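The next block holds one structure in the form of C-alpha cells; read it before the comments.
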Amino acid sequence: MPGRKKHKLGRVFLYLFAWLTSLFILYPYIVMFLGSLKDLQTMYRIPGTLLPEVWHWENYVNIWKDIPLLTYFKNSFIVAVFGTALCIVCAVPGAYALARMNFPGKKTLMSLIVMTQMFSPVVLMVGIYRAMSNFGLANSLVGIVLLVAAFNQAFAVWLLSGTFATISKELEEAARIDGCNKLSAMIRIILPLAAPGIVTAMTFVFIAGWNEYTLALILIGDSSLKTINLGIRAFFGYTGTEWWYVFAASILATLPILGFFRILERHLTGGLTAGGVKG
Amino acid sequence: MDAYLWLAPCLILLILFVLMPVLEVFRMAFSKISPANLLKEFGTLENFQYLFRQKVFGRVILNTAIWTVAIVGISIVLSIILALVLNEKFKGRAFHRTVLLLPWATSLLITSAAWKYILNTEYGALNALLLKLGLIKKAINYLGDPVSAFTWMIIVGIVVTIPFMTFTLLSGLQSISEDYYEAAVIDGANFWDKLFKITLPLLRPSINVTIVLNVIYVFNSFAIVNTITAGAPANQTHTISTYLYYLAFNKNKYGASAALSLVSFVILSIFAVIYMKTQMKEET
Amino acid sequence: MKKVLALFLALMMVLSLFTACAKQETTTTAEPTPAETETEAEQTTEEAPAASGEDIVINFLGAQYSDKTEPYLKQVCADFEAANPGIKVNLEIVGWDNISSRATALVGAGQAPDIYNGGSASEYVPDGLLYNVKDIVSEELQADFYPSFLDNNRDIDDGEVYAVPYLASVRALYCNAKIFKEVGIENPPKTWTEVEEACQKINDFYNGDVYAWGIDATTTEGQTMVAYYGWSNGGGYVDDDFNYTINCDANVEGYEWAYKLYENGWTNKNPSMETRDDMQKLFAENKMAMLVTACFFPALYPDTEMLIGEIPYNDANCSSSSTLGVQDGLMMFNGSAKGGEDSPEKKEAIKKFLDFFFDADRYVQFMINEGLLPSTQSGAKRLAEIAPEQAAYIDILAGAKFYARNLVDWRDVMANLIANEQEMFAGNMTAKEALDATQAEIG
C-alpha cells in the first residue's frame, strides 16, 4: 500500500501482530520439539518442565527402530499421492463439462455434487465400512485412496469448474479450428491455463489425504497398512501415553509437508481466488 | 449426452463411495438396530425419539453452532488482519509465512494431541511456562469446566483454521490491482478509506469462499474435541460429530447415531440454502 | 506456474515408482532365497498340499495392551502355525480405544473375526452371533478357567456361556510409601474412617500440596465408582436377579462419601477429566498419596515405592472389602456373523488354537509381559511359581466381583452413569440426583 512510510505506528503494530501470531502458532511446536528430546520421567515432572534435563537426541534415531515409522510414512504417501491423482483425474473432465457444456439438469447436478462436500466421513463411518466391505475393499489402501478421492471430489469439481469458467472460450475455439477435438483442446489449451486452480486443488486433496484419520481408523486393520496418524494414535495406549514417541513422530510427519508447502506457497490458494470465487 | 460421459468418472466415484454410505445411513436411521449393529426392521422413528430424549441433545446442537460461528468468525477477522500484514513487505515476512503454514501442514490429530499435553493441569507445558515466568502461582485447571475447556478447544480450532483463510485472502489481495490505490491516493483517501472502500469490497469474493468452505470443515470437525475432551465433562463439550461417535461407540446406539447424522445434514443444508439465497440476492 | 505443476507431477511419478519398487522388494524378500529353498525342500513338499489354497485361516482380532502385545501374539501365532501345518492365523492388533469401533464395523459387514478380544458378549448374543463356549472350547480348557470368571460371561436369559475370560486384573488400594513415611502413617487404611483420618493428616502435613486421595470419574473409568464406593458400602450395580440398583441407598451414601472427600479438597481437582494415567503419574511424582487402580500399576513405575491394600470399606455397613476384578473376554463368532458356517475342521482348528494359546507355560509369559493376571487356574499356578510377588493378587482375584457386563444395555447405562457423576462433580447434581437420574434413564 502506498504511503506506508508515514505510518510508523502502523509498522510497529504490523511487527507486533505478526510476531504475536507466529509465537502463538509456534508454541505447540516448541513444546513438541522439546518434548521429543525428553525422557519419560522428565515429561511427567510435576510441575512440568520446560527443557529436557538430558537432551536425548538419540530419540530420533531410536524411533525408527522402535516403530515401523517408515512403513507408516510410505502408506500415508500412497494414500495422499494416489488419492490426489485419482481425485483430480476424475474431477477435471467433470468440472470441464459443468463449466463449458450445456445439458439438461446441469444446475441441479452441480448443486448435488457440491452438497456431497457436506458429508463428513465421521458422520458416515458405519455406512462407509458396510459399503466398502461389499466392494471387498475393507482393510486395503486402495479403499482409502478411493474414499479420499471421492470425499474431496466436490471441492475439486467446484474449484476447477470455477477456474475453467474464467478461461476465455475463444482460445479453445481457435484451437478447434486448428483441428483439435474437444479432448485435445482441453489438454493442450485449457489445462495449462487452469494450472493455478489445479495446483490449489491438488494441494487440498493432498493435505486431506495426508491428514486422513477416520477412514483409516475404521478400514485399516493390518499393521503393515497403517498410516502415520494411526501409528501416532496407537501411542495413546492402555497403560499410558508415550508422549515422546508422539512428538518425535509428529515432527517427522510434519516436516516433509512443510517443505512441500514452502515450495508451493504462492500457489496454495491462488486457484481459489482466481477461479473458484464464482462457483 | 457428451457431457455425461465427461462427468462419468466423477459421478461414479461419488455414487459408489459417498452416496452409498449416505443411503446406508438413511436406512439405519429409520431401522431398528441391534446392539451388535445389525439392521432389524425398517420403518421406525425410535432412533429419532431416543435422540431427542437425550438431555444433552440441545447442548450438542448449541455447542456446534457456537463452535462453528466462533471459530469461523474469529478466524476470519484475524485472517484479514494477518493477510493485510503479510501482504506488506517487511523484514522476516518469509519467516512468518512459513510459521503460518505449520498448522496446515500438521495433521489435526497431532495438533490436538500436542494441545492436550500442553493444557494438562499437572504436567502440562502451559502451566509449567506460566509458573516459571511467575505469571501464576498455582496450576490452572484449563479443561476442568465445560466453558473453559470448550473455549480452549475453540482457540485450537482457530489456530488450525487461520492458515488456510489467510493464504486464501492473501492471494485475493494480490489480485487487487495497484491502480485502485493510486487513484484513491490522488483523491486524498487515507488508510481507513482505502481499507473499507477498496480492499475489503474487492476482497469480498475471497472472503465468501473461505467462509463457506470453513463453515463446512469446522462444522464437521472431529479430531480436536475427540482428542482433547471427548465430550467430558458430563457430555457438555460435544459437538455433533463427536456426539454421534459417542452414541455409536460408547453407548452402542448406532441407530440414534445415524439419526443424528441426518439431523446434521439437514442443518448444513439449511445453511447452504440460506447462503445460496443471499448470494443470489447480491448478484442481482 | 507450469514449472510447479510439472514439479508436482514429476514428484508424484517418482513416488509412485518408489512405492511400486517397495512393493516389489517386499515380495522378493518374502520369497525364500534359492539356498533356503534347497535346504527346506523336503519340508516344503510336505506342506505343499495344505499351502495350495486349502489352508484353514483363523482371524484373530486382539487389543493392544502395551508395546509388547503385538510381538508376543505374533510369535504365538507363528509358533502355532509351525506346529500345525495347514492352519494359518491372521492376527490383527488394534489400539485399545479403537477396538470396539473396528469390531462393530466388521460385524456390521458380516466379516466378524473368528476370535475377538474385547467388548462384551452380551452385545452379540441377542443376535445369535457367538458360539456357545461348549461348542468351541475344549473341555479341559473350560475346566481350567476360574468358574467365577466364566460365570461373568453367562447369558442372563438362557444361562449359557458365550465368552471365555482372556485375562484379568484386579483393583487395589495403592499408597505412596514415601508420603506415608513422611506423614507418619504406617499401614494402608482399611475403612472409610481410616481413610478420612489419613486424608486429614496428609492434607495438614503438606498444606494441600499433595492430593491425599484419587477419584476417577472419567469417561473411560467412571463406572468404577459404584464398585469402589458402592460395593464397599453394601451397594452395587445390580441385585441378585440382575436388576439395576444404581440408586440404592448404599450407593448414594457411598457417592456422598466420595463427594465429601472431594469437597474437603483431599482429592484431585478434576475427577471428570483426570484419567487413571494422569493420576498414576501424580502418584509417581509424589503428589498423590492414595489411589485405587489396576494391579499393573506397580510394574509401570518400578521406582515408586508403594504399600498395597484392599479397597477401603464402610465398617458401619460392611464387614469386609470387595475387590473389583476386571476381565477382558475372548469370544468366538459363529457362521452367522461371518457370512457362512465354519467347517468342522475350522472349528477344530479354533479349539486347538485356544488350547495352544492358554497353555500355562506360554500364557504366563503374556501375563508377565503385561503385568496382568491369568484367567486359568493352571496359569495362576505357574505364575505363582515364577512371579511370587503376583501371587497375592491371584488370591484376591479368586474372590473378586465383576461388572455386570452380561447385561445387554450395560455400556449404555454406564455411559449415563458417568455423565451424571460428572454432573455431580461439576456441582450440578447431588449424589442422589445423579444416581436417581441414571436409574431413571434405564429404559
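Things worth noting here:
Chains: A, B and C, in written order; residue numbering restarts at 1 for each.
Just so it is clear, a residue touches a chain if its C-beta (ideal position, glycine included) is under 8 Å from a C-beta of that chain, and two chains touch if they have at least 3 such contacts.
These figures come from a predicted structure and were not determined experimentally.
Identification of common neighbours of chain A and chain C yields B.
No other two chains have as many C-beta pairs in contact as A-B.
Rounded to whole angstrom, the centroid-to-centroid distance between chain B and chain C, based on C-alpha atoms, equals 35 Å.
In terms of their C-alpha centroids, the spacing between chain A and chain B amounts to 15 Å.
Shared contact sites, meaning residues of chain A that touch two or more other chains, fall at 44-46, 125-126, 130, 233, 236. Multi-chain contact residues of chain B (touching two or more other chains): 37, 120, 122-123, 248, 254. Chain C has residues 101, 104, 108, 281-282, 285, 287 in contact with two or more other chains. Interface residues of chain A, counted against chain C in their complex, comprise 44-46, 66, 74, 77-78, 81-82, 84-85, 125-126, 129-130, 133-134, 138, 192, 195-196, 198-199, 202, 217-219, 221-223, 233-234, 236-242, 263-264, 267. Residues 1-2, 4-5, 7-8, 12, 15-16, 19, 22, 61, 63-67, 70, 92-98, 101-102, 104-106, 108-111, 277, 280-282, 284-285, 287, 296, 300 of chain C are the ones touching chain A in the complex. Partner chain B is touched in their complex by these residues of chain A: 1-4, 7, 10-11, 14-15, 17-19, 21-22, 24-29, 31-32, 35, 43-50, 86, 89-91, 93-98, 101-103, 106, 109, 111, 113-120, 122-128, 130-131, 135, 146-147, 149-151, 153-155, 157, 182, 207, 210-211, 213-214, 228-229, 232-233, 236, 243, 246-247, 250, 253-254, 257-258, 260-262, 265-266, 268-270, 272-274, 276-279. Chain contact summary for the complex, chain C toward chain B: residues 100-101, 104, 107-108, 122-124, 126-127, 129, 218-219, 269-270, 272-274, 278, 281-282, 285, 287, 337, 408-409, 411-412, 415, 419-420, 422-423, 425-426, 428. Only residues 1-4, 6-7, 9-14, 16-25, 28, 37, 78, 81-82, 85-86, 88, 90, 92-93, 95-111, 113-115, 117-118, 120, 122-125, 127-129, 131-132, 139, 159, 162, 164, 167-168, 170-172, 175, 178, 181-182, 185, 191, 194, 205-206, 208-210, 213, 216, 220, 222-223, 241, 244-245, 248, 254, 257-258, 261, 264-265, 268-269, 272, 276 of chain B touch chain A when the two sit together in their complex.
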